[in-house]
Amino acid sequence: MMKQPSVYSTTGNLVKTLLLMIPMVLLVFVFITRGNTDFSSPLKLVSFLITFVFFSGLFFMILYTGKTNRYRAIGFIVLASFFALTFIVNLITMRGSMSFSNNNFLSCEIPFCHIVTTMIIIPAAITKTIIFPGSILNGFASIASMLVIVIGISISIGRGFCSWGCFYGGWDDGFSSIGKKPVIRKVNPAFKWMPFAILLIIALASAATLSPVYCDWLCPFKSVTEFQKVTSMEIFFKTVVFISLFAGLVVVLPFLTKKRIQCSTFCPMGALLSFTNKINIFGLRIDKDKCTNCKLCAKTCPTLSIDSNDIEKGRPSFTCTKCGKCIDKCPKNAIHYHVKGTPENKNHTLNRMLFLFPSFTLLVIFTGGTMQQGIMLLVKLFTTGSFI
Amino acid sequence: MKSLKSIPAYIWAVFCMFLIPVTFMGNAYFARELAILPFMKVSPVYTGGDSIRSYKQDGMTVTINKPVFESLIGKSTKGFVQVKFSGKLPSIIKNTIDYNNDGVADFSLTINTLSNDSKLTVLSKNVTGLVVSSNVKSYWIVRVGVLNLTEK
Amino acid sequence: MNFPEGILLGLSTGAICLAYCGPVIIPYLLGENKNVHTNFVYVSLFLSGRLLAYMIIGLIAGIAGTLFLQPSGFNIKLIGVSYVFLSILLIVYGFHRFKEVCLGKTQIKVTSGYFKNRPYVAPLIGGILTGLNICPPLILAVTKAASTHDIAGSILFFVMFFIGTSLYFIPLPFIGIFKRQHVLRIIGKFAAIFAGLIYLYKGLFMIIN
């Protein structure tokens, strides 16, 4: 199918692209240096330059080519990979292993992950306490700092966090990008509602037991971060569960279906953030005048957020993660980012830029530091044979 | 009318543009403000409860916390009491604890800090068993299961 | 025996009962996707099952005192068995008429005939099995009821306790306001299956360990 020419004024326009890039380049510089411009170490300078050029280049390509998802996905996968690398190496340096023991638990030093938000709401409302062994203000990923980040991101881009900021989603995205055609062509759309059922059950179970049940039992991403030391049969069983979930939902099924299976059919945080999409100012719209109902967007959507009803309504479901894949794929350029309350299917470039700035900035903030640290670790590995 | 509605929409969209950098740059400040809210404290199930009594013995400080009987509503019938041993820890800690200060010993502990072996001797019907015994940085924490026979 | 004490105890601990019973009854109400009036019937059936279970426990408490509450291998295995039955009920109910998933389409042939004419089965048995769960409020109630040393008094105390806890279930039927939301039905079915898996694990763990 012959693709229509892009509707974005930056596509193929070098001058306009470079002009609009200037604010983002400044933001990239600010957020990857974090105010520290001490480049006395050549390794630090090189890792900074690579990171700076990488993100500036990605944003340039997003604007110049008019393609969002292709370059977003590169940054997103890099985030997931480097986050896991630096997190694991830091753990091994501090503790000697990826597992945490009673020691870390009892001293309330467990980093607060954004997914825990789903489990603390009901107990916090009733018992006025946070049911997580972390620190309110101190240390890495303290409870208060992570909650501020979750609230800020939810207001700003809603479930766009799942495609532009989540440091786990890149795994799913990466494995679903391998290969050209899916082996399993059809994924039952009913499974798109499963994360809501998981959210309901874990919220109730966590309230009943005053413990973060999803973290304890289900989170597949413990495979690439930290997990409880196996000291009993129960913990061994839990370990088997999360490793199996990672292998199945994050690696195998995304590879076979080319869909982000864990994110779209399992993650309770995704379900919670979907509700923020209802109030978030950014969305996507399908121009029914241009749409030919080829349903390529529905086949392409990695999170099962578009079906025939949504195409009919002219917008994806509220589970949309705003990754831009359907926008890139649509042969008629009928799908666009939209600012709610403004005329539909107009001002495409403006609406796109207004969304891209906060979302790409988020990607830079989360990836910038970890990418630099990761590059330095990789150099260390190649030169000394060890990360530590 | 449509263009009138667009103005606040675009204003809000521009605000959202700045919200991400502001959230991260002002994270320390916003976190401190959020931490003031009444629900922003870690559950005693994880912190071990508030300290109610401490005394010195054999060169170490023994701190006994308030028993924790946390439940979604009201108090649970089962919980634990946390005892912390800090200061100069001997290789074998031997201590008899009266956690509710009623003058009657409730349990005694024998902890080998070198081999991590811990033994609990139950001296009262309130005590159910050893929950956890572990070294944490420079001190030793023990949590002993207890029954809540006084709370309603 | 101070019977208002039973109601007060139920009122003070009822939210915990809701937290324990919620994972059983809420997925069912969502999955059935009926109106508020029908949901009141279902919740009443569920509570009737709970009442029956509580009266059985009240009777045992009156006879045996708190002895049966002492943690023993037999008690724990018995509760484990009730959990396993509850999990089977939840999982079977979850797949019942859940034609959106392939296992649901297969199961229709097996169970639709049974459940079709007996819509009371799932909530009633769910209520009984959930009521047999020895949750903290129940332990408190048994301790107090057993102190009556009187079978009739013990049963009556439990009925009062049941009334106190049941008030927390009054908002549940209003889930029916969202009637005809097909999506809620799917979520309810999935939630029932997951709740069933949790109870299955708990039950097996209690039986084996």
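First chain written, first letter: the chains are A, B and C, and each begins at residue 1.
Just so we're on the same page, a contact is a pair of C-beta atoms (placed from the backbone, for glycine too) under 8 Å apart; a residue touches a chain by one contact, two chains touch by 3 or more.
Just so it is clear, the model here is predicted, and its values are computed rather than measured.
The most central chain, judged by C-alpha centres against the centre of all protein C-alpha atoms, is A. Interface comparison, A-C against B-C: more C-beta pairs in contact at A-C.
Spacing of chain B relative to chain C, judged by their CA centroids, is 32 angstrom. Separation between the centroids of chain A and chain C, computed from CA atoms only, is 38 Å.
Counting only residues that touch two or more partner chains, chain C has 15-16, 19. Residue positions 126, 207-208 of chain A are each in touch with at least two other chains. Each of residues 71-73 in chain B touches at least two other chains.
Those residues of chain C whose C-beta lies close enough to touch chain A in the complex are 15-16, 19-20, 22-23, 26-27, 100-102, 183, 186-191, 193-195, 198, 205, 209.
Listing the residues of chain A that touch chain C in their complex gives 126, 188, 190-191, 193-194, 196-198, 200-201, 204-205, 207-208, 233-234. Residue ranges on chain C touching chain B, taken from their complex, read 9, 12-16, 19, 136, 139-140. Per the touch definition, chain A reaches chain B in the complex via residues 27, 30-31, 101-103, 105-108, 123-137, 142-145, 147-149, 151-153, 155-157, 207-208, 210-211, 281-282, 339-343, 351, 354-355, 357-359, 361-362, 365.
Across the complex, chain C is touched by residues 71-74, 76-78, 152 of chain B.
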